[in-house]
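In the part that follows, the structures are each spelled out as structure tokens.
Both complexes below contain chain A, partnered by chain B and then by chain C.
Let's look at the complex of A and B:
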């Protein structure tokens, strides 16, 4: 049995400690907002927060995540998360939407670490999140808008 | 050599059979490979078939005044749920902020793609075009039903009823929201003749409205195909050949089946599927699976060979969809800057 703390709740899971965190979240806890993209930590669709840090859940074992505070897109809260989500909605950032949970999770960490990011900061901070629809310009605009709302 | 999709093992079915097969289990996302079909259908002089417009099939209006469009099309980011809702809301005189969407159940007879039906299908850029008249008629019919219900309830002539932003009134004291009158309205007969708004009166069509799918896609609640969960559902991961078109001859599942959570291994036409109680089990089973492939009918041309063929094909005359008038003569006469 492994105990995972996800979105403030404690869950006992009968899984191998080597199971990637992503599959524990999606298949065992049925929190399907976190997506499977590449499975190799290259695309960012699976980003969650581990103790507030962005982490690629496809490449982190459940055993490593045990004891940490895991937050998924379903569990984000607080002023930064609200500002980011609001900006995403008001600018209609999404198209197909598949990567956007990961984009939002990365954007929250970026804004937690940098209250007023420049275009270049955003490009660097969001570099690991791929969007096949090409919504990058709106993502950048939304992050600026969220930063402004939080200032 | 012309690429003939029909001779490849993946495409050994007629287009219509494929669509029917896909529609039997779920709606179909029609691949770009089938675009010529819809183009032919669009070229028919009489236009696409007429579809049903009974609002009871396409709208759900609830006591909270929300108006839910039942979308016959898949949302893949192209914005079709927003687009279809725009058509309905325009004719219904609904408040855009009250619009929602839900996906239609598997009922091809009702939610038929009017261009390439009778199947439920989304693709080939047909969605808005095939729904253009039907969805507006749904909204207009619903509006007429609200008018009829309000006129009966308030005992006033239908001509006295106004609808604005989802509020029904008669201009002299009576007022009701869609939610308040929905039950009555949906019981009134569906009008046999509906009149659509002239384009000069459009308030939503042609404008930019906020996407209806933004919220779900920014909160992790939007359901993608891979997010569907059913009781007892297994997850299949398919081992596929390295060469497009190769077929499995035999497989050795002994190692795969040793992995906890792997339930079965099944050969399918294009590969071998490992079924697991969760995705990770199926993935590991797939890694452990050994498959022998027959690549005799596989695609063996290189990228540069295929590109060379494309270039050669591009120099040949294309397919003609509609042919009206004399385009060449028109072009010759046209003003040129």
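Let's look at the complex of A and C:
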């Protein structure tokens, strides 16, 4: 049995330590806000937070997440998360929406570490979050807006 | 004592003389390597370096001994997604090495992994160096993490370096078996860490 702390709740799961964390989150805990994209840590749709850091849950294994604080899109809270989600809504960032939970999770980590990111900081930090709808310009604007709101 | 041990071994292997012959060959090879290590001269050292450098310049090592961004795979293309060094050589913001790489290879996502997965420090930039220049960087304590020659030998058995021998599916391991590589390192050090011009 492996114990995972997800969104402040402890869960005992009878799974292999090598199972991708994403499978445990979606299939065992039914938290489906985190999406499966490429399965190879290359698109960012599956980003969650592990002890406050971004983690691609299709690649990070359950055994490595055990003992850490896991936060999914369903569990985000605090001023940065609020500023980001508010900016996302006010600028109507989302098109199809499939990648957006990963985008928001990465944007929160970016702003936690960099209160006033430049365009280049945003480009580098969000580089691994792919959006097939091409909402990159709106995402960048929303991150700037959230940073301004937090200043 | 050695004879008695050999005798006992012989008794145990009595019904399998072929095994005894193999054992003697292996022991003999080990002795030859040990003797070579003890009496290595500059010529032996230089010859050993000629093999060592084929490992250090292999994509498994060189791909992360880069200036700002790692390379990937045997074809040595730029890392996808694009990642940069950052202040601690582990990336920036939501694009840190440990965000995707585990402490071991992930056979499901095929993401390679080992403890302390990161770019090598800037002082250990090996990209574009000739064999001789790489050799001189490696033995320079200012650029090699203040390592003595003996510490360099030890470093070649650290978990991140060992990954080069076990890179997981789809990636070619470094070209010389680890035990043989360590013996070459010892010969290179014993002969004075000789470097080509």
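The rule is simple: the second predicted complex is superposed on the first by the 151 of 151 C-alpha atoms of A that agree within 3 Å, B and C clash if a C-alpha of one lies under 4 Å from a C-alpha of the other, contacts with A are read in each partner's own complex, and residues count from 1 in each chain.
Keep this in mind: contacts are C-beta pairs under 8 Å (C-beta built on N, C-alpha and C of every residue); 3 or more make two chains touch, one makes a residue touch a chain.
Computed from a prediction, not measured in an experiment: that's the story for all the values here.
A.B. asks: Please indicate which partner A:26 is in contact with in the superposed arrangement: first for chain B, second for chain C, both, or neither.
C.D. replies: first
A.B. asks: Applying the touch criterion given at the start, work out whether A:56 contacts chain B, chain C, both or neither, answering first, second, both or neither.
C.D. replies: In the superposition, A:56 touches chain C alone.
A.B. asks: What is the contact status of A:77 with respect to chain B (first) and chain C (second): first, second, both, or neither?
C.D. replies: neither
A.B. asks: On the A-aligned overlay, A:3 touches which partner chain: chain B = first, chain C = second, or both, or neither?
C.D. replies: neither
A.B. asks: In the overlay, answer first, second, both or neither for which of chain B and chain C A:116 touches.
C.D. replies: neither
A.B. asks: Using the superposition on A, tell me which residues of chain A are in contact with chain B and, in the other complex, with chain C.
C.D. replies: 19-20, 39
A.B. asks: Using the touch rule from the top, collect the residues of chain B that touch chain A in their complex.
C.D. replies: Those in contact with chain A are residues 76-79, 210-211, 213-224, 226-227, 229, 235, 260, 278-280, 283.
A.B. asks: Going by the contact rule set out above, which residues of chain A touch chain B in the complex?
C.D. replies: Residues 16, 19-20, 23, 26-28, 30-36, 39, 72-74, 85, 88-90, 92-98, 100-101, 104, 133.
A.B. asks: Can you name the residues of chain A that touch chain C in the complex?
C.D. replies: Answer in residue numbers: 18-20, 39-42, 44, 47, 53-56, 58-61, 64, 105-107, 109-110, 113-114, 121, 124-129.
A.B. asks: Inside the complex, what are the residues of chain C that reach chain A?
C.D. replies: 80-84, 92-96, 98-103, 106-111
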